[in-house]
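Okay, here's the structure, questions in a sec.
The letters A, B, C and D name the chains in turn, as written, and every chain counts its residues from 1.
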Amino acid sequence: MSSNSFGKIFKVTIFGESHGPMIGMVIDGCPAGVEIDEDFIQHELDRRRPGQSKITTQRQEEDRGQIVSGVFQGKTTGTPMAGIILNKDQRSNDYSHIAESFRPSHADFTYQEKYGHRDYRGGGRSSARETAARVFAGAIAKMVLNNFNIKILAYVSSVGDLEMKEDYLKVTEINRKKVESSIVRCPNEIMSKQMIALIESVQKKGDTIGGIISCVISGTPAGLGSPVFDKLHADLGKAMLSINAVKGFQYGAGFKGTRARGSEQNDLFELKKGIVKTKTNFSGGIQGGISNGMDITFQVAFKPVATIMQDQPTLNINSEKMTIKGKGRHDPCVLPRAVPIVEAMAALTLVDHLLRNRSSKL
Amino acid sequence: MSSNSFGKIFKVTIFGESHGPMIGMVIDGCPAGVEIDEDFIQHELDRRRPGQSKITTQRQEEDRGQIVSGVFQGKTTGTPMAGIILNKDQRSNDYSHIAESFRPSHADFTYQEKYGHRDYRGGGRSSARETAARVFAGAIAKMVLNNFNIKILAYVSSVGDLEMKEDYLKVTEINRKKVESSIVRCPNEIMSKQMIALIESVQKKGDTIGGIISCVISGTPAGLGSPVFDKLHADLGKAMLSINAVKGFQYGAGFKGTRARGSEQNDLFELKKGIVKTKTNFSGGIQGGISNGMDITFQVAFKPVATIMQDQPTLNINSEKMTIKGKGRHDPCVLPRAVPIVEAMAALTLVDHLLRNRSSKL
Amino acid sequence: MSSNSFGKIFKVTIFGESHGPMIGMVIDGCPAGVEIDEDFIQHELDRRRPGQSKITTQRQEEDRGQIVSGVFQGKTTGTPMAGIILNKDQRSNDYSHIAESFRPSHADFTYQEKYGHRDYRGGGRSSARETAARVFAGAIAKMVLNNFNIKILAYVSSVGDLEMKEDYLKVTEINRKKVESSIVRCPNEIMSKQMIALIESVQKKGDTIGGIISCVISGTPAGLGSPVFDKLHADLGKAMLSINAVKGFQYGAGFKGTRARGSEQNDLFELKKGIVKTKTNFSGGIQGGISNGMDITFQVAFKPVATIMQDQPTLNINSEKMTIKGKGRHDPCVLPRAVPIVEAMAALTLVDHLLRNRSSKL
Amino acid sequence: MSSNSFGKIFKVTIFGESHGPMIGMVIDGCPAGVEIDEDFIQHELDRRRPGQSKITTQRQEEDRGQIVSGVFQGKTTGTPMAGIILNKDQRSNDYSHIAESFRPSHADFTYQEKYGHRDYRGGGRSSARETAARVFAGAIAKMVLNNFNIKILAYVSSVGDLEMKEDYLKVTEINRKKVESSIVRCPNEIMSKQMIALIESVQKKGDTIGGIISCVISGTPAGLGSPVFDKLHADLGKAMLSINAVKGFQYGAGFKGTRARGSEQNDLFELKKGIVKTKTNFSGGIQGGISNGMDITFQVAFKPVATIMQDQPTLNINSEKMTIKGKGRHDPCVLPRAVPIVEAMAALTLVDHLLRNRSSKL
């Protein structure tokens, strides 16, 4: 059953495999009249692009995004937008060794069980290459949000045991610059250096490492999100958990907040410049599943990449024992390249709820 | 826009307010031929029922579940099943004090902003009373899952700083009995006593406390869940995050696993009695978003309840300062009553993916 | 798979069987702030009610509609509206003869094949009794449309060979009165009498007869409906074809228009009081799937009711030959009672597209 | 809001404009393991291709279909299939005259009203060029249906007043050959010649003409289609009504059947070779919205094309009067090229319901 679409009004459908001719996306439900800046789309794709620094995979993809429908004279027409990215640096023979075997903690086994037939080249559809299509769509979503002054900032807040001590960042151009000036996308300069060193040391051992991305959304009006099943944080959580390698999601006070008392953690209302705000923001900007106008804050846990450059025992598709070792070009740590993906999924979620909210009142 | 439905094939729609005449649910998409045990439905509702022990709210609702369509001669007919639960012990005047004010960390403010008009009695639709309808639907889902030998067990693994040290439990009748013999639903007898004592002490101060529920699903065949956006854990995550007071979700190694190396955390395949299994289960039973046949394990973080029996400063709907104090009958800790809700949402997610998987192959 | 919901933003889910305790509906996605007039709901239900005249079934159902959630202080809250209608005059033993046999041109056989288990009492879910829930929901939809001055008028334009010669009616209070003052709901007084006589003569023979309902929608702004699959007339068509006994749908010039030339049938634009209108309306108010502001006009074909009071040969569930004869209380012609159903489905379609259109522009 | 997707399990999303770089489609939900015959896809596209005969538009498009994802080693993988068709023979300057004017009975005005911004080149998204993407997807759907021996045959049964007298055709290779050997796709040789002559005479006058396509589906098992809103004929009707220029849909006895008595039109059951069949088929193979195993038969009404090569008065976007005359390359009668489109939409509907039916029983 279909599972490659996201969103109810602003609906994104993505397609393509790691080693097919292209990956792409269709956005059905983008309002007409949104100005499209193709340079910005490319800027976003470049942030996710492989080969962007010494700590990412060396697969060379220029990831050139092309819009092929839905934009006329620089503005969206309200009809489906489609975009494609040609795959250029596939080396499918890198993957012949996995045609008949199951890489540990990868999707080879589960796809085989589910479908009985799989494109094993580079993981096929299960490859994180599909996230380029998400970033493409997310760039469009950000352009919609710009019209409403909603801004999103994600950054790497931990790698392994290295953890930023700062509370969540504010969304400012300075902070955005700090994030982007670090190849690991950690805005704390000292921590950034330590993280890079850690990733390099892990990489030398042919190993991989995980971490946490934090994200802040500012400018959201009160009222986004829906009661019961489509709470704003539930949709954000699903969006994040759908990203490859994600193992957890928390917002506001999150897991740590389970240790607190209600009296410590309730966010008291106050009036600031005529606007209802809360003194604290343990709620992470969402109450009862609906945005309250405060910053929305959440964190996303990424596991260490499953592909390691070490021998591992495994089974082949005939259930025979064998040894497997990572080949090809892989990331020792997905966190730096996952930052724009987290932002993209947040943008898609927000735009969808922004449009959904247009029907909440008569 | 609609947000009170869950599931794509096995679709549940729920309705009703805390102080209206009834709450209810409709399941559209339940296969025909499922035997329905009304006693089991009631058993599940009783586990969530208010007033069940000294550490829950004293609101007295017998929560009698009645099926009003979709079952004939004890079996489902394939047409919509509807179920209702009459509200009996509403005391709407308990809530007149919040008609014009916003309780801190509740949904009063956000509903007002979103809809401009709200049923303030007991929180109206935002009340956790709606979860009874989820448990009703979940009981049906469990009866479907029984036919496939899929079992779900949730339990309270932490309250405040009190945390069970055991790894996740196996789903056995013994463990289920341990969970249910504890009024806090923690299967570790010593820990259970400490948790009860802690909740009682918190309650005496008019305060509230949070905690974590762990859940295990056994018997799931490999192949459930879908690539990209509808990964099994993404849908489980959304299901859990949609429950009132939930602030976080993690599965398998979760947030802690972000600290590990790939070499430590990859789950190696092995053959056990002719079946492909993994030696470890850091993946939490899901790889690439699809179940691999191992136990599915996840954890859900609940914040302390917002309603406390203490004075709190707040604003009224005219933005004037005022003081508010919890009235009515509330839980000092939602965890014990949330256990069946977590199980219900897990069951709904699993059934939906079980049916969705029927179209994965020709 | 679920199939009992209609609409994407204003989503109606209906439930209940002919001989169960109740039928009901849930509307998820109704905007907040709509004033609800319970008398109007009852008025609409009464128009569909069995036993309303000598030419309808004599089953006596008062069809009392009760709203059980989603309305507070006389206005919708934006959360799900639910409504129920208790079944009172079921006589299930009237149907014991069909427990094991298949009535010709009914759904007994197809339900048996699809589900393997069916509620045979009065046709169970396949009974047109479910349309009362549609009329309930449609009454709410009409109250939403009132706020936008959109009006719907349906009427019986043919019964058997008796066919009104007038072009489509305008929506006026006078026409509405003419329709409602006829028990067959044909606004042409002379034709109405002939139709009634024809139905009575058919009924005397234990037979049944079909006909056509015409419908006009006025006040629709230009812009409703969507390109490609969700064209306004495609959704109207699906809505109408989903009504029991409907065999065809046409809008504007319809089937007759296939005989014309483009030059005869193009609707030329002209300016009337500053508003773009068309001189003719062969388009039926919809161009390219989107409303153009003219009256929307369509027709719906109803077959003669399958239940006749005559002996018919048939098969039982063991494929043995037998004779069956209609029992119970049935309509000789469904047209008069189907008029409010057509209007209800039109209203549901229009409201949904009205809300969907809110996202068409930035 | 999104409107360019069709189907619930087998979901097709299409994109592209008449004069953009390409049109395309994504199928999300196709089961894995379907063998794909690219020649067959091209064969289907060729049947819809412009310039195929003297009675169609002379726009030259080779309409080469390319699959860009979802197929590996000749079989579907279960992940999204995407296909593109490059636009080659656009001549956008043919359309500069409509940039600022509204063609009568076209979608120019309604798109302008809905979106405030439109791609006017060749009608942009409203052009019937999008139907090539439907035929592409429909070809895949037919390959799925082949595995279940379900066959679809459409043909032109009337053009203007010329109407085939035969009842609906049986689906045989002989009939298919008869249809395809006629450039107007009418299987009656004499009628075919008359229709061609009529179309040519209409074309000479710069005019256009409408007609009716009949369609038969054989091999459908009993049980497809769903109660209430998603009746099989309701979904078929929506599918057909979504095709450009369609004004009506009827199945089985259709509009004509409204004139009959129940006693004349009930389909009596009988046993044929151990299978329950009906003696007649006024029901058109569908009872209670669910297929009964008989041939499914329906008819689709197409209006005369709106673009005529004659002067017509109209308004420009500033509401000023002007004269417009068709330019470019247009069909005098869409019927011949619409036959594969009708079949494609029927195939998409059937596949979706075939897969949906997999969840009807435990």
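A few comments on the model shown:
The rule we apply is simple: a residue touches a chain if its C-beta (ideal position, glycine included) is under 8 Å from a C-beta of that chain, and two chains touch if they have at least 3 such contacts.
Keep in mind that what you see is a predicted model, and the values were worked out from it rather than measured.
Two chain pairs, B-C and B-D, are compared here, and B-C has more C-beta pairs in contact (counted per touch definition above).
With respect to subunit B, maximal separation of chain centres occurs for D (centres as means of Cα atoms). If each chain is reduced to the centroid of its CA atoms, subunit B and subunit C end up 39 Å from each other. Remark: subunit C and subunit D have CA centroids separated by 26 Å (rounded to whole angstrom). Measuring from the averaged C-alpha position of subunit B to that of subunit D gives a distance of 46 Å. For subunit D, the set of residues touching two or more other chains reads 1, 3-5, 8-10, 14, 29, 32-33, 78-79, 114-116, 125, 227, 355, 359-361. For subunit C in complex with subunit D, the residues that touch the partner chain are 1, 3-6, 8-9, 14, 102, 104-107, 109-111, 113-116, 125-126, 130, 158, 160-161, 202, 205, 207-212, 222-223, 225-231, 233-235, 237-239, 241-242, 244, 247-255, 257-271, 274, 276, 278, 282-284, 286-293, 301-308, 310, 312-315, 319, 356-357, 359-361. Contacts from subunit B toward subunit C in the complex involve residues 1-5, 7, 9-11, 13-17, 20-24, 26, 28-29, 32-33, 68-70, 72-73, 75-82, 114-119, 124-125, 355. The part of subunit B that touches subunit D in the complex is made up of residues 8-10, 29, 31-34, 78-79, 144, 147, 227, 355, 358-362.
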